[in-house]
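Read through the structures below before going on.
Below, chain A partners chain B and then partners chain C, in two separate complexes.
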Partner chain A sequence: MTKHLPRVDVVLVGFGWTGAIFAEKLTAAGLDVLALERGPWRDTPSDFATTFAQDELRYYWRHGMFQEASQDTLTFRNNSAQTALPMRRWGSFLPGNGVGGAGVHWNGQTYRFLPSDFVARSHNEERYGPLPADMTVQDYGVTYEELEPHFDYFEKICGICGQAGNVNGETIEGGNPFEGMRSDQYPNPPMRMTFSQDRFAASARALGLNPFPVPSANMSRAYVNPLGLQMAPCTYCGFCEKHGCGNYSKASPQTTIIPVLMRRPNFGLRTNSEVLSVEKTPDGKHATGVTYVDTSGEVWFQPADIVILCAYPLQNTRLLLLSEIGAPYDPRTGEGVVGKNYCYQVMSSATVFFEDEYTNGFVGAGALGMVVDDYNGDNFDHSGLGFIGGGYIACGTTNARPIESHPVPEDVPRWGSAWKKAVRENFLKTTSVGVHGASMAHRSNYLDLDPTYKDVWGRPLLRMTYDFTLNDRRLTEHLTPVAEEIARGMGGAHVKVNARRGSYDSKPYQTTHNTGGTIMGTDPASSVVNRYGQSWDLPNLFVTGAGLFPQNAGYNPTGTVGALAYWSVDAIINQYLPDPGPLVRP
Partner chain B sequence: MSRLRNALLAGTFAGALGLGIAPAALAQELSFSQVERGRYLATASDCVACHTDIEEGGKRYAGGRGLETPFGTIYSSNLTPDEATGLGRWSRDEFYRALNEGISRDGSHLYPAMPYPHFTKMSREDADAIFAYLRTLEPVTAEIPENALPFPLSIRMSVAGWKLLFFDKEGFAVDPDQSEEWNRGRYLVDALAHCGACHTGKNLLGADKEDEYLRGGTLDNWYAPNIRGGVNGGLADWEAEDIVRFLGEGRSRHTAPMQRMGEVVGLSTQHLRDEDLMAIAVYLKSLDDAPREEAETPSQARFETGEAIYFDNCAACHSADRSGVPYIFAPLDSSNKVTAEDPSTAIRIILGGARAQQTEAVPSQIAMPPFAWKLTDQQVADVVTYLRAASDRKAGPVSAGEVEDMRAHLQEK
Partner chain C sequence: MTHYTRRQTLRLMLMAGTALAASRVLAAEYGRGAGMPWSPMSGEVPYYGTGADRFFSRDERLAVAAICARLIPSDEDGPGATEADVVTFIDRQMAGFYGRAQHWYMQGPFAEGTSTQGYQSEHPPAMLYRLALAELDDYCRSQRGGAFAELSEEDQDAVLTGLDEGEIAFERVSAKTFFDLVLENTVEGFFADPLYGGNRDMVGWRYVGFPGTRYDYRDFVGHNGAAIPLEPVSLQGRPGWSQP
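So, the complex of A and B:
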């Protein structure tokens, strides 16, 4: 028996980065906002205090911060000819859970996508001719120039530490010469680099490349953000990714937005409340609210004037499919939109082993690194290469967490005394040059509902059908040798190349940059939402997050996710509220 | 606006019934400016903190908060103008007498948990303004629990003897040799904000020791630090501006208010005008203190043990050189909590953790986690001993027994 609750102006599904951004702006605009979060309340002193934040067993091995696969998972297969099976333990990616979402346990690398990334189809076709028929790459419908003020604001909220390369058209030495024009500097200077970054930068420069510091949400100094919230300097402890920061040094919803939000009387948060479906009017033209279930199994209907999906991309896609909103994507016909253009990223690396020099990788931070962008996006000529897009190549010292991280050269046994000896010899003397490759959308990669497996509430699991595409393979084969060349120039004794070959394997960890499924665009026939993140079908339903990306770029997504969220909430406040209805007429 | 008007009318009506004064006359007294002034003075006096059952989410000013004293628990009274349970039947003369003499409406003595030894310095005009403001509150019917005091303290007449010994009903005397600002600061500190209620040492019967004025005091196992200035006081290293920011924004270079003082800043001082905060600062800075006695030095081994514990557990936030991150993580090289004669607060924060007060100006809620589960009594004693010995103003060693007592106290709570 579903119980009805009093109406609110806005209900948010999920309370991570985008939920916090929407809630902050919408409550400031005077609306009554309620956020429903599937997981628990989480805050620094209670859940990842300095006294236990570095517990690798708890957070990494036992997945302290992640969605529990026993509560909800997805099924996976490489292609439509296979039968998908449930992922019973996370591997390749680690969806977040709880207040703050993955924004609690991210590394903090905060890039802006390139201007050409937002117009990937039109830009590449103009330069290189028509794309292959099965590459369902699309333009975002929003441009870098439109998003720029929102990138800027998100960087100030987070206190991003970096070196600008292009401020108002002026090229600045030491920054990224390829970046889109910025209206302002980063709010904080770059982090302090270590031995590995110095060697990487020198080697990259010798090859004629343009190294610059990774834009970091780990603080290089004390900072107060525009909401008055304080952040402390990073201690370089190397427990960012998969961990919460106990030192208030990593931008997260908890450190940058939530304390302000929780004081506002027009904001409400219900944790441990899982939304089961978005409800619609009988004519199917408006959302009426959401149905959710609490930990006692009580089912509630929460009416709202506006519904915003702020959960993880995989969850947002599934919720639309379960709620029968938008046409599900059909890979055979290429028609339908929900679940379309699921993308990932193609990661490879080259590990450098030094003999007499120490890299001391335990002095790290999630976004401590130097990076080159010369092979990202369309920063290089792709003529005759047979692929589009690219990736950054970086030397990050993110951690040397001992359970997770013990690189050894290729010829060392995988276990036993020889392995232990090699771990001992190499633990303080290795670093890695990574390639963060883009993933272009393909007709055969998509998300839909699984026909067999169901969750604890009896709802079908999401099914992922994904494999690396020809574009991905050519991209990684082109970029990995560049990483290897930089690595070989860093003065180590030995370089081990970790190429990405064969089919996508969902078991080893690669990256939690799952995108698409609820893509934005210019046409209801090929996208789920318009350029503002507004549903083409239900004008009072908005979707946010990396699910909006029509294809994935060669960067970490959070900077662009933040900018899109601020862009979208700005449109709600300044365009939708004065005149509720479709913001774009097809 | 309409709510305010209704409240004014309600106050007028209740007042007319209780006092038999012509409503027109009272209405004039309840002028906007007087009520506003009263609200400000009530805020400066932090009435709301004791007279609201904060722990149980009680209505503002409706009383019922249990105040733990060394003698037992005393429950605060209902200050709303409710006829039966609040100040509804009180006259402003009776209210003034309560502040000035510690005598209730029925003539009984008030327990000095109500800080009338401070409020006795308050001017009649200010007391009347506070009363005027309280009359405008929405009446709340709230029965107050019986005080939990042992005999003979449970007999209110026992307070008469206490007053005879310790209560001087003397008004506030302006010191003509000092500036207007200094005198205003002293009035705020002594007559309104009653800082000495916590920051002045008490005798065995809970009365202020005169020679301990603002030299620090212990309350419910917190040590409220020495807040005298000069060259030897606990605020010697603080600029007046630091005091203003601490009280007004909830942060200073040195520390942030937390727990008890956090409540004071959150409910009271952050709402005060900057010139009043500066007056407080000027006054406190003017109070010097006697030089400290030379502290006993711990053994080198103990110092090094404490230093190692500090480096492993504390340095990530408070810096290896103990200089902290000003405004965020307290510097410990010059902390008046660390070097207080009574180390209770330092021990208590290490064991139980602490959260910086959230204010309008600084909404962050940066917290220190508890270490009770991680460090033994000896380890806590060693690290506090190290910090006290390494500080600019040295203080003597701390024993594991002191930590053990605090741990037992915190477990009881």
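So, the complex of A and C:
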């Protein structure tokens, strides 16, 4: 029997980056907030202390902190003609689980999308003419200017280390000359760079490009954030991505928000509690709360005045589909919205092999790097190129974790003495110039429920139908040679190009930047939520995260995810609470 | 509240009982002004396959050791899988949750899948090894005159190449899936923390120059392309800590 619990003002589904942001602002506004998190409690001393955090096998290869595929995974196929099969173990991306979500084991590369990214359809059509019919690219419905104060606040919460390029219209040397106008500097100076970044920057400058430091959530110095929480300088430990930080040096919900929340009497958190569905009033016009199951198998109904989905794009989409909220997207007719415009990231790179110099990749950090933005978004003229969007091109030194990172030149066999020798010769002497390409929405790429495979509770898995599009292929073919050219100017003995060709492959890790499925917009016929993240169907239901992106830009998502979360929670507090109801009338 | 009938709920509870019995933590409530929870000894000590449990039979162990020794050979350039005791690493992994695919999604139906869909075998890693190793030795006996471990290095390399390139097929399992998994596990065993039984005495790390789990390189950020001569350290400490 489902047991009924006492009502709360707000229930948050998932307690990662976005859950923590909403909880902090809503409790500060005096609301009674409960977060339900399907995974366990996690914190620095108990789960990633410096005595055991740096364990590559456990945390990456045995998925120490990721969603357990045995409980719930996705099925995947490249196109609708194929039969989707389960991702039996994770590969291409790694959904988070537990308190802090993927914010525990991210890198911390914290970008703002460009102003033109938020108006991708209108901007590009105005400049280049109509987009192809199958490109379902849309505007966000919110602009960079509206988000700017929220970008700024998220950067201060995280203590982002970077070099501004445009503060209040004034161009600053050494920053990103293409960035949208900022109201303030970054709260901390950039990280210190290593040999590889120096070589990259010199090569890029020689080509007339504009290198700047990757905005980093790994601390360049001790920092106290606006909530009074203290962070320590990063030690360049090289176990950042896919691992938790033992030093309180990486911005995560744990280091920047949660300790403050846990002291507030109007905040509660239930762990190991997986939300199964959002419940509605009989007329289907309001959310009444959520049903969840705990690890003992007990099923509970948690009533709430406001429900906010903070469960990462994939789970947010699935919860809407399972709860029968919003029309599911149908790729044949192009109608329906839930699951529409699933996008990803189009990655490629050029590896530089040095002969005499050492790159010492183990001296690294998740967001240590130099980057150029000259080929991102609409920072360059796309006339005649046949694609829109772009990507950043960066040289990061994140790690030399040896199971994962042991590049060898292309003519070396996969095993045996020759392979072993090549690994040894190159292990400390390589670096890479990576292209982080945008992924534009296409009619045939989407998420829905799988007809065959079920999760541990007997409910359909989410099904992903995804492949790289013509726009993606042209984009990567245009940008990868630029990365190669920069790489060739870095003084190495050999450059190996890792182009992105063929179909999207779910096996090798690429990025955990899954976007879309619950997109925002200006019209209920083409979006799931309005410009504030509020459901068009149920005004007391809000959705967060990169699932709101109508298409993905050429950056890591979380800076924009954070800004959108602060923008949305601000609208709840200042507009919705005084007058509950739709914030936008269609 | 219309989604779950009483029977469905009961079914959910029963499934939870079997599937989640091993879960380390039960649902818990935090917050409400109590501050950050903390209790002594709550640190999650490494537990991944560090037990000394074994899975392989004597013959299986001989075969796996021989395969690993060809994938990462011991030669004039330095130590290989044998010195690193990779076979012990793999044996322990197979005896643990990894070998059972406990964290993988293993519900059917099973189908072969495309090259972009990943692991689709109905067998968890340990069973895949068991079935494949039996067929491997059968194949070697009938085609090369002895079990895999008894063949010359040249013959072993030829057989492994046959598996890798899909020229040798097994009846009950995919020879290629097996080869790819052994290669993956061998690299893991050569480079994982010695805690797990392989990379013994950090030979893998020392061979490539990886300083291990030190966790603080602030003094070396400005290396400017010079070598950083540091002895490796593992999660168990030693010997880097005590050497001058």
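We take it that the second predicted complex is superposed on the first by the 586 of 586 C-alpha atoms of A that agree within 3 Å, B and C clash if a C-alpha of one lies under 4 Å from a C-alpha of the other, contacts with A are read in each partner's own complex, and residues count from 1 in each chain.
One rule holds for everything that comes next: a residue touches a chain if its C-beta (ideal position, glycine included) is under 8 Å from a C-beta of that chain, and two chains touch if they have at least 3 such contacts.
Small disclaimer: the values here were computed from a predicted structure and weren't measured.
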{"item": "Partner chain in contact with A:Gly268 - chain B first, chain C second, else both or neither", "value": "second"}
{"item": "Partner chain in contact with A:Ser296 - chain B first, chain C second, else both or neither", "value": "second"}
{"item": "First (chain B), second (chain C), both or neither touched by A:Glu279", "value": "second"}
{"item": "Chain A residues touched by each partner, larger count belonging to chain B or chain C", "value": "C"}
{"item": "First, second, both or neither for A:Gly228, with chain B first and chain C second", "value": "first"}
{"item": "Touching partner for A:Thr2 - first (chain B), second (chain C), both, neither", "value": "second"}
{"item": "Contacts of A:Arg501 with chain B and chain C, given as first, second, both or neither", "value": "neither"}
{"item": "Touching partner for A:Tyr248 - first (chain B), second (chain C), both, neither", "value": "first"}
{"item": "Touching partner for A:Ala49 - first (chain B), second (chain C), both, neither", "value": "both"}
{"item": "On chain A, the residue positions that both chain B and chain C contact, one per complex", "value": "45, 49-51, 233, 235, 237, 246-247, 259, 263"}
{"item": "Complex contact set, residues of chain C against chain A", "value": "1, 3-4, 6, 8-9, 11-17, 19-20, 23-38, 42-46, 48, 70-73, 75, 77-78, 80, 98, 101-107, 109, 111, 113-120, 157, 160, 164, 183, 186-188, 191-193, 195-196, 204-205, 207-211, 213-218, 220-228, 235"}
{"item": "Touching residues on chain B, where the partner in the complex is chain A", "value": "313, 316-317, 325-329, 353, 355, 358, 361-371, 373-374"}
{"item": "Residues of chain A that touch chain B when the two form their complex", "value": "44-45, 49-51, 222, 227-233, 235, 237, 246-248, 259-260, 263"}
{"item": "Residue numbers on chain A that touch chain C, as the complex places them", "value": "1-2, 40-41, 43, 45-47, 49-58, 61-64, 68-71, 73, 76-78, 82-83, 85-89, 91, 192-195, 198, 233, 235-239, 246-247, 258-259, 261-265, 267-273, 276-277, 279, 291, 293-299, 301, 354, 356-360, 362-363, 400, 402-403, 406, 414-417, 420-421, 423-424, 427-428, 452-454, 456-458, 503-507"}
